[in-house]
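Heads up: the structure comes next, in structure tokens.
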């Protein structure tokens, strides 16, 4: 059988260094797992050094690959019959950029946690899982093969499960961990389907090989034919793309699987910054980048629409949250939606751009929120107060006591809102332009529905400004609400401040582009380019038209988005500025309109799933096991009914012929007794009947 | 007609190649004698482990030295390289069970258990080598009768109940099989089913009685591998038997059954000439087996019962390799069987350990155990991941290989049923995660109900090291599957 | 003449088996089983298998039936209850057996087997004995081990003293 | 001479009767008797068919008889054990395993 077989590619110094990057966090994991509790502190500090080293090496490699040559090593893992399974490492520009990001954010989180998790009893466990997570995340980024990616994908799922459930004694944390796990499994099912279709068609899962193979395949008469002559119906091509996308939907919390991310905030806050803002959720987007060239037009459109729906739904859900971290969680969902809009509209480079800018300012926001929580926690601890340290209704006025946190929070908020001069403006503006260009181009060929994507994207801009300004006002302005005095609150220690400052610097527009008003001048977009689509049926001409159209409307888009930011922000200021009646109403829980309830409950998605999925699944599995164990009893029911029927007939004869109604009643009671008794019966007979019956049925079916 | 002298010399010649089995028989007799003379169960245990090792070594040597297939005892047995390899796997299974039985109170309290287990192994040996219907029947009975007795070894109410049900169910299954055999003998006039004239006769037989006979005959084999619809005995027997016995049941008889099913399947399929689509039929049976195994496991609270359904589901996965009918598929089945043996016995060893130490059997009773038994807990997590077929474990590689060969079979035959089986199997892998990870979930994310002072307590037990070795092998088989595949590739499945 | 014997014994075998199906008295059933086995033995003789017939009488009627009757005595009578045994699944069980029987008969009708072989060879028993120790020596020995282990197994289970702490 | 089919018919009906006994009787000993009838039915086939004077069928039947004896011995021992614990061999009442 002919097959695409990837070749052996030797190790190079760069790929070997990449292996070192992978090994370092794994060593950290082992170290923290194996040391005794006495040396936990030392081990965690060693982990920080490992991460420093790892970050340094990754920057060195990044500088090397930015010259334009990716490094690829591949070896044959094992062979089964004629088929070779390969494994390998691919260090390209995008991969190394993400490697640097993962390493740096992970390093900062490591440092930050030295203070934040200081007194936690699961300190050692926490650091070891951080190492495991970093390792598996880097694995996703560096692997060259879908199968290997899938393995690390699972490992990421596992380690995030363990980190979300860090405070497993809290019922909510355990439940959140399980929920994240289950929802991610649904995504995995899609991933597996996508992989198996690719396997069916090409007998390889090596991405570089797939690109070649996909480029050679063509569509003819509704059939999808490879260069080697394997044939599948065209629908499989779409199914493959949708399957892979479903995998990304699970990891990146897109509609309709976004429900796990808000609950995942039960984990420690640094974890939220690492996993749920900067890296793991970005894995889906990055993964889409890896397989981007394998997607076809239908799948891309679905991605764009799902992305816009998610962006909008997430923003709406963030409007009315009370929990400081939940606002950020929904905001993350919404921003990920933007990235998928980028993927779907073919602007993969812009999606990655937003991924990187977002990773830094969202991590900054989370860590700053952590700093706030930490401060309040210390206060509660000192004053022996008990209140929810994450509820924004208990905050207020923290600006004066935590000036640095406030400054950083503000900077990153501005970046998230997309205010000019900040990084978020650049990438968001680019994505908005791309969506407009896409919709314009598509609508020319009659697909007017495509306007839904830019419309929702623009609405989201205003909503984003609203909920972020609301949050800043609630947390840092007005009067402190949890206690009479706020004397206990202090700015966090140095180890928390340093990561915050570094991340905040990364949110400034100049870092990313010399001209902070025009994304076209960004160095980032110079080194990252959209890979050329090779999927049969993709028309490259359309892509140029989209790019052209986005360029044309760029200025208009920028102005519109700034106006929307101002609108949203102003509305929030008007409502939540200190001492308004609305604020008072809100704080006393009176302002619960249906709209805000909808937002607070995340569109009632959880409830809907409970009704639509969880209950039926429970029902099915319960009945499966019931049928399995009690199938015999069911059969007995039938026997019972037959018995009653016969009894009735005989009774009818009795009554009519012998004229014995009394006789009948006696007979009937007797029969009922027999039926009742027949329910408590040995199962073994039933087992045998069932088996023999199946055998007879099989024979009859064959004949 | 061969002369008497020829026949006698054939027996003598065959005995040379029958070394491992002769060793087994003498071992069984020795164990019976030792049991009568020695009071302490320790000696029995030691002798058993020695015997199992010896048999393993002789079998391995036999495999290594075997060049061409040898017919033994007037062609009752056919010793070829697959048979030799299967024997080694069965030996490994029994050796591991023997080690594991070191903590099994019910088995140690009655010394008869050891010869019974070796008899079962002898039955397995004969079954994998069988090339004659009579030997198939006898060796299945040789496996079954000790099984019925071992199932009762708790000697409590539940134990004997499961034994009587197992016995009656098994007796009916074997009677059905026997009846099928009697018809098949009617068509062929020959009991040796690998002879060409046997196949020819089947080709000429009328299709209706042939179908009836074949399906009846299959029922006995399906019973041994616990496939639908003859799986129902498994959960009851697994729940109420001593855990070491369960580990044995879930591996040795099942794998022996698989080896003969793989052989027999080629026969009834008449090497592709049959007018009946047996591949599709077995695929449907495999699908239903997967469905029932996985879905019923979802709701089980008892860990052993859950593992019983899990082993039914594994039966379904292994049947995938059988319906793929190719040499590579047979090799992949072999790989799967090896990994399955290791991980199943390993997990039952730990279940037995916790059952013994903490007296727990239900999944929710495992809560917080990772803090009392951190090492054991980690091992259980890895094993469950392997059973579920996730990387980085050998369980994943095994599933991957099996599905690869299924895919190739589909690619070759374009039989849509195989495609459904393919997709259905993948889906089931995802479903199976939920129940496999139930135990780790309780262990890690739930507090113990009686929070004593843990941690300081050092729970150093030999099982941990024993299972750790098995786990390392399982992990190794993921990273370096070639090490085993190279060995397997030397097996010539040509038939 | 043999035809009449055949149908007589065949009919008797079926009738006595049917009696087991319907009788409520277990000892009667045991005796009916003896009768069935005897009739089957007669069928063996009619099919020229004298040695099998003798074995059947010795093992089944000498061994198994005695075992069964022992079992009946040991279990049913001790409790002082009557030794009746009621039936379950009359309809499903009956339908199943009927279905099986008709399926098998349908299969047999398609088989086209011909007539029973005429007359037996006089040295059949000698040939059987020779086969058992030459060609069939392996199954012979396997059967020996099977019997040994069945014996041990039965002894293990039957000799078990009920532990006091059990339920 | 007697048509061979008639042997087979008798055996088939005996087999079905055995199965009927197995699935309808509550008493474990009855069930065991049913199994014995099923084995005997198969034996009739083995004995009746003769391929060119070969004795394989008869030999097979001999081994089946031996196996049946072994099975009956173990079966009755287990039934006895059941009786000791449950004070009944009514399979309906032997129902401890409930999950």
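Miscellaneous remarks
All chains are identified by letter, namely A, B, C and D, in their written order; residue positions are counted from 1 within each chain.
Following the convention adopted for this analysis, a residue touches a chain if its C-beta (ideal position, glycine included) is under 8 Å from a C-beta of that chain, and two chains touch if they have at least 3 such contacts.
Note that the coordinates shown come from a computational prediction; the quantities given were computed from them, not determined experimentally.
Of the two chain pairs examined here, B-C and A-D, it is B-C that is joined by more C-beta pairs in contact.
Taking the mean of the C-alpha atoms as each chain's centre, subunit B and subunit C sit 31 Å apart. If each chain is reduced to the centroid of its CA atoms, subunit A and subunit D end up 61 Å from each other.
Centre-to-centre separation between subunit C and subunit D, using Cα means, comes to 6 Å. Note on chain placement: the centre of subunit A and the centre of subunit B lie 40 Å apart, centres being C-alpha means. Touching of two or more other chains is recorded for residues 88-89, 92-93, 96, 100, 103-104, 108, 111, 113, 136, 139, 143, 146, 149-150, 153-155, 157, 160, 166-167 of subunit C. Multi-chain contact residues of subunit D (touching two or more other chains): 8, 15, 18-19, 22-24, 26, 32, 43, 49, 59, 63, 67, 70-71, 74, 78-79, 81, 85, 90-92, 94-95, 99. Shared contact sites, meaning residues of subunit A that touch two or more other chains, fall at 629, 681-685, 688-689, 692-693, 699.
If each chain is drawn as a node and touching chains are joined, the picture has every node linked to every other. Looking at the complex, you find that subunit A touches subunit B at residues 1, 77-81, 83, 85, 147, 150-151, 154-155, 162, 165, 168-169, 174, 177-178, 181-182, 185, 188-189, 192-193, 196, 199-200, 230, 620-622, 624-625, 628-629, 683-684, 687-688, 690-695, 698-699, 702-703. Within the complex formed with subunit C, the residues of subunit D that make contact are 1-10, 12-21, 23-27, 29-30, 32-34, 36-37, 40, 43-44, 47-50, 53, 55, 58-59, 61-63, 65-74, 76-81, 83-85, 87-90, 92. Against subunit B, the residues of subunit C that register as touching in their complex are 103-104, 106-108, 110-113, 130, 134-139, 142-143, 145-146, 149-150, 152-157, 160, 163, 166-167. Every residue of subunit D that touches subunit A in the complex is listed here, in rising order: 19, 22-24, 26, 90-95, 99.
Across the complex, subunit B is touched by residues 8, 11, 15, 18-19, 22, 28, 31-32, 35, 38-39, 41-43, 45-46, 49, 51-52, 54, 56-57, 59-60, 63-64, 67, 70-71, 74-75, 78-79, 81-82, 85-86, 91, 94-97, 99 of subunit D.
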